[in-house]
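Chain lettering (A, B, C and D) follows the sequence in which the chains are written, and residue indices restart at 1 in each chain.
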Amino acid sequence: MERSDYVFTLDLQVRDYECDFQGIVNNANYQHYLEHARNSFLRTMGMDVVEMSRRKINMVVTRVELNYRHPLTSGERFWVGVNLRRFSRLRIAFHQDIFRSSDNLRILDGVVIGTAVGEHGRPIRVPEFERLLME
Amino acid sequence: MERSDYVFTLDLQVRDYECDFQGIVNNANYQHYLEHARNSFLRTMGMDVVEMSRRKINMVVTRVELNYRHPLTSGERFWVGVNLRRFSRLRIAFHQDIFRSSDNLRILDGVVIGTAVGEHGRPIRVPEFERLLME
Amino acid sequence: MERSDYVFTLDLQVRDYECDFQGIVNNANYQHYLEHARNSFLRTMGMDVVEMSRRKINMVVTRVELNYRHPLTSGERFWVGVNLRRFSRLRIAFHQDIFRSSDNLRILDGVVIGTAVGEHGRPIRVPEFERLLME
Amino acid sequence: MERSDYVFTLDLQVRDYECDFQGIVNNANYQHYLEHARNSFLRTMGMDVVEMSRRKINMVVTRVELNYRHPLTSGERFWVGVNLRRFSRLRIAFHQDIFRSSDNLRILDGVVIGTAVGEHGRPIRVPEFERLLME
């Protein structure tokens, strides 16, 4: 996979505090990287998840599958690639992979299933999402 | 599933700072809960992952599959159930589920695949693990 | 200082993921411990900061002074002591110290100045706070 | 204060997961921003704190004083300014301030006292530090 294989990519760098006692990025922090890339992508498409949350529409994750292939360590630069497709009537699948910038080594590949939920916690159709899936 | 269906359970409570702008526990924090339950279990079995790390044996996660069923919010008490079985010659599968304590509502169910890696980052056999899988 | 010198104490234990590449609790996490102890104390006094936030009253910190005396490491048990006094007309000073449970070694002492702010971000008087300072 | 008043500045942007249930950056995360700016600065000066940690020399914080003046919210860009001076024979004072990029509003000002400690946890002189203070 190359950058051009993704509809969106984000460049980041590991911060020291993201590494744990093993000296490598803690597993949970990769989910932060993926969330940050996903929300950054959605903002470029005109969907601000924080602003939507104020209107009681929350973007929630219902399932993640992550394969950890190589660890990242302090100071390493990496990029996150994002693709998406419809997963079901109300769900989107984000295909998200992480690569080390220096050599494009694949660090992680993952699928994150998400949906929008309304005030009562039930999945709802949101126009922004529909538009996103048509493009 | 009930507590007695697991070889290990851990009782925890959501801390305010673990919730994000949506007022619910951030996705990544559930991985912290699972890691904490897993490491607590391993300690009761005589495996201290921090101490092992000093001996250059690191416990790493190679894959997670997590289904997020209901969100947890500030102050809620919950418990994490842990089971395990051999996944391959060098890999263990931890089956880990999270339940809200007040009504045993299932919050999350997941499978975390882990292995021990040696100094050069390659999976290795460790006696502690073998013992664990025999019990 | 002993437990009886504080109006509130909370017992906690270091989780592995709270330690950084140095193998000790990362500095920022002590602020999480202090916040958790403060909010737990306020809840016992009938002030739920999350519920207040929904009413557009936010508890904010305006200043912290923290002395880090000894590091905590993975698995160590500790307790946080909380005292409070009026700092100014609209501000409260929380005196918060952390001790290792095994030997009561002082790990950290600190002062956290906080206030309640209303919808427009300006400090306001809240009855709950006034009541707290009278007790 | 302007950027030219600091020996080092770092540009960052708030990530959604750094905000808590109040919709603003959680207090503890500002310490992460300061640590990241400090370590980035030290790296530009040839001091890699992670690499030093492997040689059993740990950079530790002994005291922080932070004034929180305005909150940052999701997506806001900000910069961290860093200055330093000798605080005592073995301690360095880092003066670190955070400004919102859009209008240079001061978000936080702080002083972080740090020292290097050796294998037995006692402050030690390290040549890198001495060189730093001479420049």
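Here is the rule we go by: contacts are C-beta pairs under 8 Å (C-beta built on N, C-alpha and C of every residue); 3 or more make two chains touch, one makes a residue touch a chain.
As the structure is a computational prediction, the values presented were derived from the model and not from experiment.
Trainee: Compare the CA centroid of chain B with every other chain's and tell me the farthest one.
Mentor: D
Trainee: Only C-alpha atoms count here: how many degrees separate chain A from chain C in terms of the superposing rotation, rounded to the nearest 5?
Mentor: My answer is 180 degrees for the C-alpha fit.
Trainee: Among A-D, A-C or A-B, where does the C-D interface recur, judging by over half of the contact pairs matching in residue number?
Mentor: So the equivalent interface, with over half the same contact pairs, is A-B.
Trainee: Please work out the Cα centroid separation of chain B and chain D, and write it as a whole number of Å.
Mentor: 33
Trainee: Using CA atom averages as chain centres, what separation in Å is found between chain A and chain B?
Mentor: Averaging C-alpha atoms per chain gives centres 22 Å apart.
Trainee: So the centre of each chain is just the mean of its C-alpha atoms; given that, what is the distance between chain B and chain C in Å?
Mentor: Comparing mean C-alpha positions, chain C is 28 Å from chain B.
Trainee: Note the residues in chain A that touch 2 or more other chains, in rising order.
Mentor: Residue numbers touching two or more other chains: 16-17, 19, 21, 23, 26, 28, 32, 35, 50, 74.
Trainee: Can you check the complex and tell me which residues of chain C touch chain A?
Mentor: Chain C residues touching chain A: 16-17, 19-21, 23, 26, 28, 74.
Trainee: What part of chain A is in contact with chain D in the complex they form?
Mentor: Against chain D, the touching part of chain A is residues 15-17, 19, 23, 32, 35-36, 39, 43, 48-50, 73-75.
Trainee: Which residues of chain C touch chain D in their complex?
Mentor: 21-22, 24, 26-29, 31-32, 35, 50, 53, 58, 60-71, 121
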